[in-house]
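Multiple structures are listed underneath, in C-alpha cells.
There are two complexes below, and they share subunit A, which is joined by subunit B in the first and by subunit C in the second.
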Partner chain A sequence: MTELAKSARNRMQMFERLGSPFAALGSGALRGIADLVDIVMHPIQRRLGIQRMAYVFVLPNLLIFGIFILFPMLLNFYYALTGGTQLLPANRPFVGMANFEQLFSCGNFLDPNTCDEDLFWRAVWNTSGFVVLQVGFMILISLVTALALNRRIVLRGFFRSVFFYPVLLSPVVVALIWKWILQENGVLNALLVSLGGDRQPFLLSADWARFWVVVISIWAQMGFFTLILLAGLQAIPAELYEAASIDGANQWRSFRSITLPLLRPTMLVVVVLAVIRAVQVFDQVYAFTGGGPGTSTLYMVQYIFRRAFTDQTHLYGLAAAASVVLGGVLLVLTLIQLRTESTSSLS
Partner chain B sequence: MMKKLNILLVVAFVLAAIGAGAVAAQDNVVELRLTWYDDGNEGAVMRELLDRFEAENPDIRVVMDTVAYTTILEQLPIQVEAGQAPDMARVTQYPMLAGNYLDLRPLLEDPDAFEAAFPEQVLGAMRTGDDDNGIYGFPDQFTVTGPYINRTLFEQAGVEVPSDTRDDVTWEEWTEVCAEVAEATGTDYAIAIDRTGHRFAGPAISMGATFFDDEGNLTIDSEGFRAMAELLNRWHTEGLTPAEVWLGAGGSYAAAADYFINGQLVCYMAGSWQIQRFTNDIGDAFDWEAIPNPSGPGGSTGVPGGAAIVAFANTQHPEAVARVMEYLTQEDVQREYAERTLFIPGDLRLSDLNYQTDSEAALAALNTFVAEVPKFHEDAYALQFHPQNTVIFNSIRDRLTQYMTGELTLDEAIQRIQEEADQAIAAAGE
Partner chain C sequence: MLRFLTRTRHPGRFGLTDALTYVFLIVGTFIMFGPVLWLVMSSFKDRAELVRFPPRFLPYSQETVVVEGYNDPLPLFNVTLENGETRQLAQVRRVGLEAQMIDPANPEEIIRVNINDRTPIETVRFSLDNYLRGIQSFPFLTYLRNSLVVTIAATALTLLINSMAAFALSKYQFRGRDAIFLITIGTLMIPLSVILVPVFLVITEVGWNNNLLGVIVPGAATPTGVFLLRQYMLTIPDELIDSARIDGASEWRIYLQIILPLARPALAVLTIFSIMWRWNDFLWPLIVLSRNELFTLQVGLNSFQGELQVQWDLILAMTVLTLLPITLVFGFLQRYITTGIATTGMK
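What follows is the complex of A and B.
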C-alpha cells in the first residue's frame, strides 16, 4: 500500500471514530478513494521503486508550473523579438532586437521627451521615485510601529490587529475606498469645505496624486512589514537590554547599539521584499488614479499593460520587451533577497 | 468484497456527475452570447425584443452579457484576437475589428434587402481590403455629436442663448457665454466635453482642423486642432470645466453627463445618445436642450458615430446568428427599437418615427441632431470610419491630457499623436 493510501486510511479511521452518518459516508468515500489511488499507484511504485515515487508526486506541480509560468515566460521572450499587432505568434514577424532598440532609443534618459518611447521612461522614473519614497517611508513607519507594539502598551493585541487589517483588504477595495475619500467631491474635500477651506485637487494634480499613491500604498502594506519587524524585535534577548540598563545605557543608546544591529538581518529581508513589491505595483494604482493625471502615476507594470492591451495599438512585442527588462530588474532584486536571506540565516 | 464496493461507489459517483453534465448540454437549444453595453434603456428594449424572438424560435436562446463601455473598447478586441469572441456584440469601433466578422451574406434569406436597409458607409467600414459585398452586421444606432445647454440656468442668469438668434456662434463665444451664466448663477462649471478624441474632433474641425492631406494621409497638426486644444486647456486653467473628466480619468474614456444631470454644468458637449438618459434622469428638474454645433472656419460640424451589432466569425452557430440578425433587422423591430430608445436609427427604411416619449425636450433634441447630419464635414466621416480611428482618438485623448498637465508642450503632444497614429497604421499594414 502506498503512503498516500495509508494516510487516507488513517483519515478514514478518524471518521469512523466520529461515528455519525456523515462520518460513515465520508469514511466510505475516503476508503474508495484510497483503494482507487492504491490501484493506480501500486504498479507504478513497483516499477519505479519507492525512492523515485517522489518524482511522480512532484510531476503534477511541475506540469502546472511549466504550463502556466515557464511556457508563458519563454513565449514572452519570443514576443519581445517580434513585431506587428497580431496576437498569435505564428502571425507575428520576427524583428530581432528592434523592440529593445525602440525602448532604449533616447537623446537623454533623464528627459523622457527625448526618447522614442517616452511613456516607458516616464514609467521607469515614476517607478524609481515611487520605490524610493514608498519603501523608505514604509520601513521607517513600520519600524516605529513595531517598536511601539513591542512595548507593554494598553490594548497591544488590538493595535496589532488594527495595523494588520488593511493587509487583508483587496488592493482594488483599498483603491476605491481612498478614491471615494479623495476625489473632487469626496469626503476629505467636503470636510475641508465645511471647515471653511478650499477644495484640493488630491487626484487632479501630479504632485498630490503621487503623494497619495505613496500614502495609500504604505497604509495598505505596512501591517505586513510591521509584523516581520515585530518578530525580529521579539527575537532579541531581553537580557541584553537589562545588561545595557545596568551599565547605564539610555533608551537611544540601547536602540542604536542593540536593537538596530540585531535587527539588521530582518531589516534587509524587509527592504528587499518591499522593493520587489514596489517595483511590481499595479492593481491598486490602476484602480486609484489609472496612471494619471497625465502619466504622473504611470508605473512599469501599467505601462506594459497599456501598451499591450488598452492603447488599442496592441504593441505586444514592445510590451513583452518592457516586461523582459522589468523581469531582469526583479531577477537582480530576487538574487539580492536570496543572498540576504542566506546571510541572515547564517548569522 | 468491501474494497470492491467502495471502488464501485466512487466510480458510480464520478459517472453520475459526468452524466448530469451531459444531460445539461443536451437540451437541443443553441445558446448565443451577445456582448452588450448600455447608454440608456436600449438593453432593456433589446431584451424584450429578443424574448419575443426566443418565443417564436424555441431552439435559440440569446444571452446578453451587459458590460461597461470601456470593456467593449479595451477587453473585447483582445477576446476577439484570442479567438474567444462572443457570437455577437454591440460595438462602436467596428472598423478596428474588421476582419474578424462573420459574413452573413450566404446565410441570409435576402442579403440584398438587408444591405439596402443600411448606409453603405457603415457596412463598408466593417469590411477589409478588396471586400466590397460582405455583410457583417448592422448599425442599431446612428449618433451625432453635439452640445446641450441647461436653459433654466440661462434664464436665471438673464443671459440670452446665442443660438436662438444666430447660426454662426463660435466655440469661443459659447465659452464666454457659458462662463457668464455659471458665474451669475453660482453653478460649479461652465462647459465640459467628454474625455474622448471622438468628441474633441468635431469642435476641432469646426475651428479649422483638417485631419487628412490631399493624398488622404492622416495629419494631426493644423491651426484648428491647435486652437481647440488651447481652448480646452483654457477651460481647465480657468476652472471652467470639471477637471476630473479629463485629468482624473487615468487612461480611460470619461463622460461629463453626471455633472450636467446634477445641474452643476451649464453647457455640455456630448451627443444624441444621451437623450434617453437626460429624459429619464433630469425629468422636469430643469429645462435642457440640444443646440446646433458651434461654427468656425471649418463650418459647423459634429462627428457621426453609432453602434452596430456585429457577428463574429468564430461562432459555432452561424445559421442561428443569421436568424437573430434577420429578426433584429426587420423593419418593425427596427422601428420599435428606435422609437423606444429615442435613438436616431441606422435603418434607412425608417421615417416618421413616433418616438415614445412625452418629453418635448427629447423630441426637440432629436430634431436638432437629425438637422446636424447634412452639415457633417467630410473629414468627420473620414475620421470616424478610418480603420485606426480608435488608436487616433485614444492618442488625442491621452496626449492632450499630458499637454494639459504640463508634461508635454502642444507641439510635443501633436508630434506624439502623429507618431502613434502612423505607427498603428504601419503595424496594421504589416
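What follows is the complex of A and C.
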C-alpha cells in the first residue's frame, strides 16, 4: 500500500495548503453531479441523520451481493439436497443426502471405475494431479524469475513486463495460441522433426494433453506470482545482505540464511493463492482440450458445468453437491490463507 | 554504451551469475513473447502457407500474374529449362508430375516442365486478407460490441457501487457494519464457479437469460473491489470529512467531491482489474448467453474454433484482434498494472 498511501498524503498536503477542501474541488463535473444528487438525497439525509446515510451508500452493493452471491450460496445447499432435472426449486423432490451418497459411493476411491459417479472421481484425481504439478513447478519458476528480476540488471522494467504480459491474455486466446503451436503441422512438431525426432500427437494423446495443460497454465499465470514474490524480495532490507557480505557470506549462503527465511510468509500466501486458483481451473482448459481426449483433462469445475448445463439431462442436484464439496475445499484453503496472512503480518 | 550494458552490482565485475541471469531473462522473453509473435506472424499468411510443413516464420506468399485469357491470376515459378536456362513462367495447370507453364509475355505457347524443375517465386507479404474475410464470416463486430458494452457497463457499475459501499464501511459507525465487512472478506475467495446452478436460477427468474444484463450485474458487487477501496479510504483522514460537514456539505457531496477524488489511485487500480476481468470473462457469459448475436468475443471465438472444420486462417486473425485491445491497454498502463498488483496482491 505504500505507493497508494504516499499519493494520499500528497493530496492531503495540497488540501491543507488550500485551506478548505472545496477550494480544490469547487468546480467541475463532480460538483454539478453533487448538486443534482443533493436534490434527491438531501431530504433523505434529513430524515435518516448523518450516520444512517451509510445504509444508503452500502445498499446497492449489498443488494446485488445478496441476490447474486449470498442467496445463491445458501440456495446451493438446497439444490444439493434435491433431485430431479427441474431447475425451479419448487419442482424438485427432496432427496436428503442421496446426491452426496452417489458422489461418495466408491469401492475404492483411488480407482474411479469402482465408483457410482466415476466422472466425479476422475475429475477429482485429474484436478489433484494438476494442482500438485502446476503449483509446484509454477512457484519454482516464479521464484527463480523473481530472484533474477531482483538483481541489479538493465531493462528491469521491460523484463518485468515481459513475464507479466501473458497474465492479461484471455483464457480462450491463450488456448488458441498454444493449439496453433502444438497442432500436428505446428511449429513445435517442425522443431522436433528438424532435430531428428518424430512428430508427436500433442493434442490427441492423454499424457501429452495433461502435460501441456500444466505448461500452458504456468505460462499464462506465472507473471502474477512472480510480481508478488518480487514485492516480497524487495521488502527484505538491503542492510542484511551488506552485513552478511561483510561477515564473508557468499551469495548462496545469504540466499539460504536471509532470503529464504524472510520470504517464507510471502511464499505461504503465494502457494495458497496458487492452489485456490488451480483447484478452480476451467476456462483455459475448456477452450484448449475441452476436457479431452476422453476425460483426461476434465477438472472439477468442468464436471459441475457438464452435469448441470451440457449433459442431456440436467443433474442440477449432483452438480450442486459437487459444488458444495469444491466450496468446502476452497473454504479450508481460504482459512489457511487468512491464518498465514495474519501470522505473517504479526511477525 | 558497453559500460552501460555491463553495469552490475559490483562495478567492473561481470560475474557468472550475472551472465546466467541475462541468459535466463532472454530465454524467458523468448518463451513469453514467442508464442504471441508466432500467432501474429501466422495471421498474415495465406492458406497455402498455413498448411506448409515445416512452417516458416515470415508470411511468404507466391507471386502471381494476370495473363490474358485466364480468369484467375496464375502462380509464378522459376523454371530451369532443359538447356540450363532459367525463366520466369506462370503455371496453368499441373498434371501428375508434369506442369503446363506459359511465358506471361507469350501466353500462346505452352511449355511442359517436370514439377521438380520449378521453384515458386515468393515474396514476404503481410496480407490482411484473413482479417477481412474473418470479419465477414465471423460476426466480429457484433461480438466486439457486446464485449465493449459488458466491459464498460460492468466496470462503471462496479466502480460506483463498490466505492459507495467502501465509503460506508470505512467512514461510518452503523449497526451491521462489521457483519457486512466480514461476509465480504469471507466471500473474497468464493468464485461464481462454485455456485453456478443457483445463480443460473436467479438469472432465469429475473429474466436475464440471453440478456447482457445477466452478464454485467451479478459480478459487479466484487468483494475484492470493496476490500481494496475500503483499505484505501481508511487512509483518508476523518478531519477532512468533519470540516466539510461543518461547511455544510451533505454526505453525498462529501462522497462525490472529497472521497472519490482522493481515492483516485485506488479507483484506477480497480478500473484496470475490472476491465481485465470483464474483457476476459468466459465461464459466466458462456452459461448466461446462448444466442449467437449476444456472444461476447471470448465466447464467440471459442464457439468459432469448436466448429467442425477448424478454419485456422480466420481463427488466427480473429484471435489477434481479440488480444489487441488488452495488449494496447497493457502497453499504456503497464506501470500502473504491475505496481497495482504488487501492492494489493490481487488480480
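One rule holds in what follows: the second predicted complex is superposed on the first by the 307 of 347 C-alpha atoms of A that agree within 3 Å, B and C clash if a C-alpha of one lies under 4 Å from a C-alpha of the other, contacts with A are read in each partner's own complex, and residues count from 1 in each chain.
Rule of thumb we're sticking to: a residue touches a chain if its C-beta (ideal position, glycine included) is under 8 Å from a C-beta of that chain, and two chains touch if they have at least 3 such contacts.
What you are looking at is a predicted structure, and each value in this text was computed from that prediction instead of being measured.
When the two complexes are overlaid on subunit A, subunit B and subunit C sit side by side with no clash. By the touch criterion stated above, A:F309 is placed in contact with subunit B and with subunit C alike. By the document's definition of touching, of the two partners only subunit B reaches A:L204; subunit C does not.
When the two structures are aligned on the shared chain, A:N250 is found in touch with neither subunit B nor subunit C.
After overlaying the two complexes on the shared chain, residue contacts for A:R31 are found with subunit B and with subunit C alike.
By the document's definition of touching, neither partner reaches A:S105: not subunit B, not subunit C.
With both structures placed on the common chain, the touch criterion links A:Y55 to subunit C but leaves subunit B unconnected.
When subunit A is checked against subunit B and against subunit C, the one touching more of its residues turns out to be C. In the superposition on chain A, A:P293 contacts subunit B only, with no contact to subunit C. For the pair subunit B and subunit C, the minimum alpha-carbon spacing after aligning on chain A is 5 Å.
According to the touch criterion, the shared surface of subunit A, contacted by subunit B in one complex and subunit C in the other, consists of residues 31, 33, 87-88, 183, 286, 290, 309.
Within the complex, the subunit B residues that touch subunit A are 2-3, 6-10, 13, 73-74, 77-78, 81-82, 93, 96, 242-244, 247-252, 390-391, 394-395, 401-402, 404-408, 412, 416, 420, 423-424, 427-428, 430. Partner subunit C is touched in their complex by these residues of subunit A: 1-5, 7-8, 11-12, 15, 20-22, 24-25, 30-31, 33-34, 37-38, 41-42, 45, 50-55, 57-58, 60-62, 64-65, 67-73, 75-76, 79, 87-89, 144-145, 148-149, 151-154, 157, 159-173, 176-181, 183, 185-187, 189-190, 193-194, 219, 223-224, 227-228, 230-231, 251, 269, 273, 276, 280, 282-283, 286-287, 290, 301, 304-305, 308-309, 316, 319-320, 323, 326-327, 330-331, 333-334, 337-338. Put simply, subunit A touches subunit B in their complex at residues 28-29, 31-33, 35-36, 39, 83-88, 93, 113, 118, 122, 183-184, 201, 203-204, 206, 286, 289-296, 306, 309-315. Looking at the complex, you find that subunit C touches subunit A at residues 4-5, 7-9, 17-18, 21-22, 24-25, 28-29, 31-33, 35-36, 38-39, 42, 51-55, 160-162, 164-165, 167-169, 171-174, 177, 180, 183-202, 204, 217-221, 223, 226, 231-232, 235-237, 240, 243-245, 247, 249-253, 255-258, 260-262, 265-266, 269, 276, 279-280, 282-283, 287, 298, 301-302, 305-306, 312, 315-316, 319, 322-323, 326-327, 329-330, 334-335, 337-339, 341-345, 347.
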